[in-house]
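Just below sit the structures, each encoded as structure tokens.
In what comes next, subunit A is part of two complexes: it sits with subunit B in the first one and with subunit C in the second one.
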Partner chain A sequence: MSSILNASQLDASGRRVVVDPVTRIEGHMRCEVNVDDQNIIRNAVSTGTMWRGLEVILKGRDPRDAWAFVERICGVCTGTHALTSVRAVEDALDIDIPYNAHLIRHLMDKTLQVHDHIVHFYHLHALDWVNPVNALRADPRKTSELQKMVSPSNPKSSPGYFSDLQNRLKKFVSGGQLGIFANGYWDNPAYKLSPEADLMAVAHYLEALDMQKDIVKIHTIFGGKNPHPNYLVGGVACAINLNDTGSAGAPVNMNSLNFVLQRIKEAQAFVEQVYLPDVLAIASSYKDWLYGGGLASENLLSFGTYTQTPGDKSTDLLPAGAIVNGNWDEVLPVDVRDPEQIQEFVSHSWYSYADETQGLHPWDGVTEPNFELGANTRGTRTNIEQIDESHKYSWIKAPRWRGHAMEVGPLARYIIAYASGREYVQEQVNRSLSAFNQNTGLNVGLKPFLASTLGRTLARALECQYCADTMEDDWHALVNNIKNGDTATANTEKWEPSTWPKEAKGVGINEAPRGALGHWIKIKDGKIDSYQAVVPTTWNASPRDNEGNIGAYEAALLNTPMERPDEPVEILRTLHSFDPCLACSTHVMSPEGQEITQVKIR
Partner chain B sequence: MSNNVETFYQVMRRQGITRRSFMKYCSLTAAALGLGPSFAPQIAHAMETKQRTPVIWLHGLECTCCSESFIRSAHPLVKDVVLSMISMDYNDLLMASAGHQAEAALETSMENHKGNYILAVEGNPPLNEDGMFCISGGKPFIEKLKKAAEGAKAIIAWGSCASWGCVQAARPNPTQAVPIHKVITDKPIIKVPGCPPIAEVMTGVITYMLTFDRLPELDRQGRPKMFYSQRIHDKCYRRPHFDAGQFVESWDDENARKGYCLYKVGCKGPTTYNACSTVRWNEGISFPIQAGHGCIGCSEDGFWDQGSFYDRLTSINQFGIEENADTVGMTAAGVVGAGIAAHAAVSAIKQTTQRKKTEEEQNS
Partner chain C sequence: MADQFLLLGIGNLLWADEGFGVRCVEQLNQRYTFPENVTLMDGGTQGIYLVQHVQQATCLVVFDAIDYGLEPGTFKLVHNEEVPKFMGAKKMSLHQTGFQEVLAMAELTGSYPNELLLIGVQPEELDDFGGSLRPRVRDQLEPALQHALDYLAARGVEVKPRVEGESALGPEELQLDRYETQRPAEQEAYRYGDPRFIPATALKEES
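Presenting the complex of A and B:
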């Protein structure tokens, strides 16, 4: 399947299908596609339908407070913006954090990764593959056999367990109130699992709901709450006291460290026994559905994450890099400070630039909202029936790396890590591919396997496993460091604004659950002068740019056949494989002198 | 409430559907669900009798932290809430269907349960740009919100966005985002503020309503008294250190390691009404102060615009330190600091006096 990467090659002549709202995502999104007479998608349009203006709000505030504001960009990937923000401020002010803080931040960041991936797969994505109504037809004994086969170590596999669950499900639906399952696409032939597999997956949907509330307690220990744990410029606020007066009431003590280790081990068990086997089982049942690759086979970007030696990016567990033009053999270096590399365009976004043929680096970004619909829009300004994608059509800007639209996320991280020779990742991927080929009798190669909707979903599961495993290493490193006498958690040398230079600028980067994340800050006279975030969903949900390059969502939907165009199962499946986070993607800054357009207040 | 709730059967009869058609509907439903004809009487029975209370859950401008918090609930477990206690008829975060099928589910629920559903709102509507800073189904979110509010029996404002405006409404509020009580003025609104609210507070409010068939008692600002009538400071486990004048002076100092009071590094616990120090977070594991960071006051109106989170609460009009939220009423969080500074000083003095007295007594 060759990828079409430019709008000029798209065919919008066929029937138009509109999906709004796209559900089971964070935030608000619309998607329109054209299907040809074979019901194959030939044109795709991704529209971000919300804007909050958080960076406008940040201007003039205390940089030490910024983490709390930007953390509220998103409550799903909670903490990742806060972490990236404190990194941006620390970069601007040249603050090194204690090693304990480095490790605790890793533990918190990986907790998010594990949690977010599990919730995404079971509660936002699974219903694209799993049919809960079909589960009513399952034989619980056969479900038990299936469970023992796909995951021998999973203790919850008895026939009674599944029949109890099935009875509860029957009771639920026989009440006639289907709740969140109402109006689903349950007789659509796009669903391929056996009733037994469906019942097993429904059981795990509920188990994951129970499990997810426990793993986040690691945030509660170190950050006081979840969602939205607390962060601190200069380190972490959770002081360590293992063996001194007041230890029992201190944030980090023997009790809380033990608690954290226990949660890590539970997460490892869940990923091993439930999550990974489920993803592989589903992939095998959908073996002919290797659609949805889009940009994944072509252009991929990662900022790298989990730096083992603080300050040395070459020690990232998942390395930074860019792949372009489908050359998986070459990973190019990425510099987030270089004004030539990352630029945002707005020719198809609801913003204005003085010159919209040019892109702007985040440190020089401009944002003036300009909600303007094209002449071919159907409907009205406040009742849009069909978007005109030849004009501005999204609240999301179009970020580009050296002019290329890029895919970011777990799959991008995994392909870049694989291409960079990271052995752990290579081993995981190779093992999964051979299991897939063995289960299906196929002989699919690495590239078509990974560059697909299923590949994206698998990469997320593999990364979840990697994070759960290496959290234990971080925990031991933390304990060892404390054992060696280092209990520092915060560097307060530059806490007071009087110690800061008159002007400073910095950038914080991270790999969020959904992909490459960067925050660019300028500080002046102790206050935020400008703040810009370019987030994963801005990359993936990007509209076209002035060259016609299409974004990752749009590219991934192309060439996919739909069973019933009125029922967007396939569209949801591929969009969800990116784990869209729209609140993240649609917020911008207005630098000094750039006033937000005044619009009328009703 | 259940006394007033029409069953599905009653609604259908009211709409002129015959008993015969109703039974046919039940058979079709049974067939559609793959249950076979023997399930039809069971469906009919369920529809004629008790229903799970329908909940319509809308998302405006928000970050989804409220939904994320809700699913963290441990008692009750959220799966039990969703499977056995309520009928989540519309929730664009969790629902299977999308696009027009999702919108149809919303219409159906509003129609069939008119006057009987709970509307839960996460986030808020922006007024600028004709409301098009938040678009759902091609239209401004505010239209959906107003329409859903019309037939609701009760409205819950989840979190600080729906209750107060929260982060997108912080100065200069570029989208003119407003709390929902600014646009829904004819219905009681239960405010459950916090960014986000504690999971068990959210499910606690819902289960109270279902169990006791009434709305929770609210304070003058519309918050359930059961969770929002006391300050975090009132029940903080570090309160004795405040009273003793023992404070963290800077991050990671000796006092931070001993778990002293965080007031001097900006803790807003003394002016924040919430249950963090009592219910605590994530099954009672900890809460921000216990994890070493001051409270940022996220359940208070306008908490983003009260200066830095690390500024010490100071100097404004005093009020008696033992007043409650009702008497303080609509006073913004920012205007309640002074008493605290004075209170801190007084506590320290008291402590010193006490110590002197004790010493004198011992010496005498």
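Presenting the complex of A and C:
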């Protein structure tokens, strides 16, 4: 399949389909596509419909407080912003953190990753593949057989278990409240699973709900609070006391550490017995649906994460790097400080720069709103019927790496790790590909398999497994370090602003559940002078730039056939595979707040 | 087993009146101590991540800024099965989409509270990034707290005035006083947003 990465190659002559909003729970985003006479998507336009205000909220505040504010920006990935924020401040002020804090931050970050990936798959994305109404027609006995086949080690597989669940589901649906399952397109032929597979998936939807509540308790132990854990510039906000008198009062003692280990093991079992088998079973049932790759086959970016030796990025479990122009054989180095590498453009975004032919590095970032619509817009300023993508059309800026639009996220991390020769990742991916080919009788290659909507969804599951597995390593490293006599959790040498330079700048990076995340901070006279966050969804949902390069969402939708253009199952499926989170890349929705996704065709 | 009470404040405290719910539980926690079967929680905008807390509650009291279509600052109570409807009728904010979903999920799992009470106020202003409660909304804090206390008292829950220092529910960095007094001036930090959604403020300048 030839890749189309530039607006100049797109065909916008066909019927226009408008989907607004796209996300089921979080955020606000609108998508317009043109379909040809075969109902194949030939042009895609992704618009962030909320304004972003993070930068201005933080200006003038105490840099040590920034984490608490950014934790509130987003309803889902709270901890990842908080962590990235304290890293930015530590980088600016040259603060090294204790090894315990390094490990505890990994444990908290991986907890978030595991939790977020599971909730995303079962509670935000599964209904793009799974039809709960169809599950009512399932035979519980056959469902039990199916469960035993796809995951022999899963203990919850009796016919009675599925029959009870089906009765509960029937009651729920016949009560007239489809509730969480409302607004679906349940008679659309795009749904391919058997009733039994649908029932099995609904069961796991509920099991995942139970599972997620336990894993987050790790945040309560290390972060003191749930649901908004505490972070601290210089380390972590929890005292350690394993053996001495008074250990019962310390948040981190042998009891709580053992509790953490149990939760890690439960997460490992869930991924192994439920999550991964489900993703592979769904992929095998949708074997002909290898659409949605877009930029994934071409341009990918990761800042790298889970550094094993503090300060040495070459020891990242998931390495930093960039792949461009489809060359998976070469991973290029990434420097987030280099003003030539990461730049944000606004020629198609509702902001103004003095010179919009140029991009700005986040340290020099400007956030000056400028809402204006192109001449070909249909509708009014407050009720846009059709956007004019040749002009400004989104509240999201267009970040680029050396001028390239990039995809970020679990799939980018996995392709870059694979290309960098990380054995654990290669083994996971190869095993999944051969299982897929074996289940389907196909002989799909690595690139078309991974660079797809299903590949994106699989990479998230594999990463969840990797995180759950390596949390156990972090746990042992932590316990050993403490037993060797190190109980330090915070470096407070530079806590007081009197110890800071008059001016300083820093950058905090992380790989958030949704992809590469960076916070760039400038501090002046002890206060935040500027703060710019480039979040994963800014990369993926980015509009075009002045060269016409299209973003990851737009690219991923191209060439996808739609069963029924007025029921955008395929669009939602691919966009949800990115785990879109517009709450932090943009802000505040319409006062009317459309409840149901509206689809209009012109 | 005794009833399990969850007093849950939701909303995004960075968006002016949307902070009402969280400020309510913050105030309750600062002023009172509660028996063990009462949990106070700053739920923020956590959406479906709050589901396990809702499942464990037999009596759920939610504090929130809700668009009832009433005069700003109007105080309103909603009971039991009316609650999910009100949370979904006219969504102003992301967290409400999430919370309606939470209630539906709890229902599907068969762990739904026996009693629900929504203590809400009609907001005046949401689109003031980094701003705090407007006076008319702030005036409803006391009635909201009093209503929750009466509700608990009617169910035999003994609430005592707090004598020693409390452990904050949310980060101290975001406590009301600090949040308000450290806000930068308007000239330093632009506070308004998308004119399509904020006609009352931003469009004024254009016309």
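Keep in mind that, in the parts below, the second predicted complex is superposed on the first by the 582 of 602 C-alpha atoms of A that agree within 3 Å, B and C clash if a C-alpha of one lies under 4 Å from a C-alpha of the other, contacts with A are read in each partner's own complex, and residues count from 1 in each chain.
We adopt the following convention: a contact is a pair of C-beta atoms (placed from the backbone, for glycine too) under 8 Å apart; a residue touches a chain by one contact, two chains touch by 3 or more.
Just so you know, these numbers come straight off a predicted model, no measurement behind them.
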Combined model on subunit A where subunit B meets subunit C, clash or fit: clash
First, second, both or neither for A:R16, with subunit B first and subunit C second: neither
Partner chain(s) touched by A:W495 [first = subunit B, second = subunit C, both, neither]: first
Touching partner for A:R30 - first (subunit B), second (subunit C), both, neither: first
Subunit B versus subunit C as contact partner of A:P251, first or second or both or neither: first
Partner with the higher number of touched subunit A residues, subunit C or subunit B: B
First (subunit B), second (subunit C), both or neither touched by A:K192: neither
Partner chain(s) touched by A:K213 [first = subunit B, second = subunit C, both, neither]: both
Residue range of subunit B overlapping subunit C upon superposition on chain A, of 81-89, 99-107, 243-251 or 351-359: 81-89
Subunit C-contacting residues of subunit A that also contact subunit B: 25-28, 49-51, 53, 56-57, 61-62, 64-65, 68-69, 72-76, 78, 119, 123, 168, 172, 177, 179-180, 206, 209-210, 212-213, 216, 225, 227-228, 230, 369, 371, 381-382, 384, 395, 583
Sites on subunit A touched by subunit C in the complex: 25-28, 49-51, 53, 56-57, 59-62, 64-65, 67-69, 71-76, 78, 119, 123, 168-169, 172, 177, 179-180, 206, 209-210, 212-213, 216, 225, 227-228, 230, 350, 367-369, 371, 381-382, 384, 395, 583, 587-593, 595
Subunit C - residues contacting subunit A, complex: 12-15, 41-52, 55, 67, 88, 90-98, 101, 104-105, 107-110, 126-127, 129-130, 169-171, 173-174, 178, 182-185, 188-197, 199
Sites on subunit B touched by subunit A in the complex: 8, 26, 29-30, 32-35, 39, 42-43, 46-47, 51-52, 54, 59, 61-69, 71-74, 77-79, 82-84, 86-89, 91-105, 108-109, 126-141, 143, 166-168, 170-177, 195-196, 198-199, 237-238, 250-252, 256-260, 276, 281-283, 285-293, 296, 298, 304, 308-310
Touching residues on subunit A, where the partner in the complex is subunit B: 18-28, 30, 49-54, 56-57, 61-62, 64-65, 68-69, 72-76, 78, 119, 123-124, 127, 132-134, 136-137, 168, 170, 172-177, 179-185, 187, 206, 209-210, 212-213, 216-217, 219-230, 232, 234-241, 244-246, 249-251, 256, 259, 369, 371, 379, 381-385, 395, 487-490, 492, 495, 567-568, 572, 583, 596, 599-602
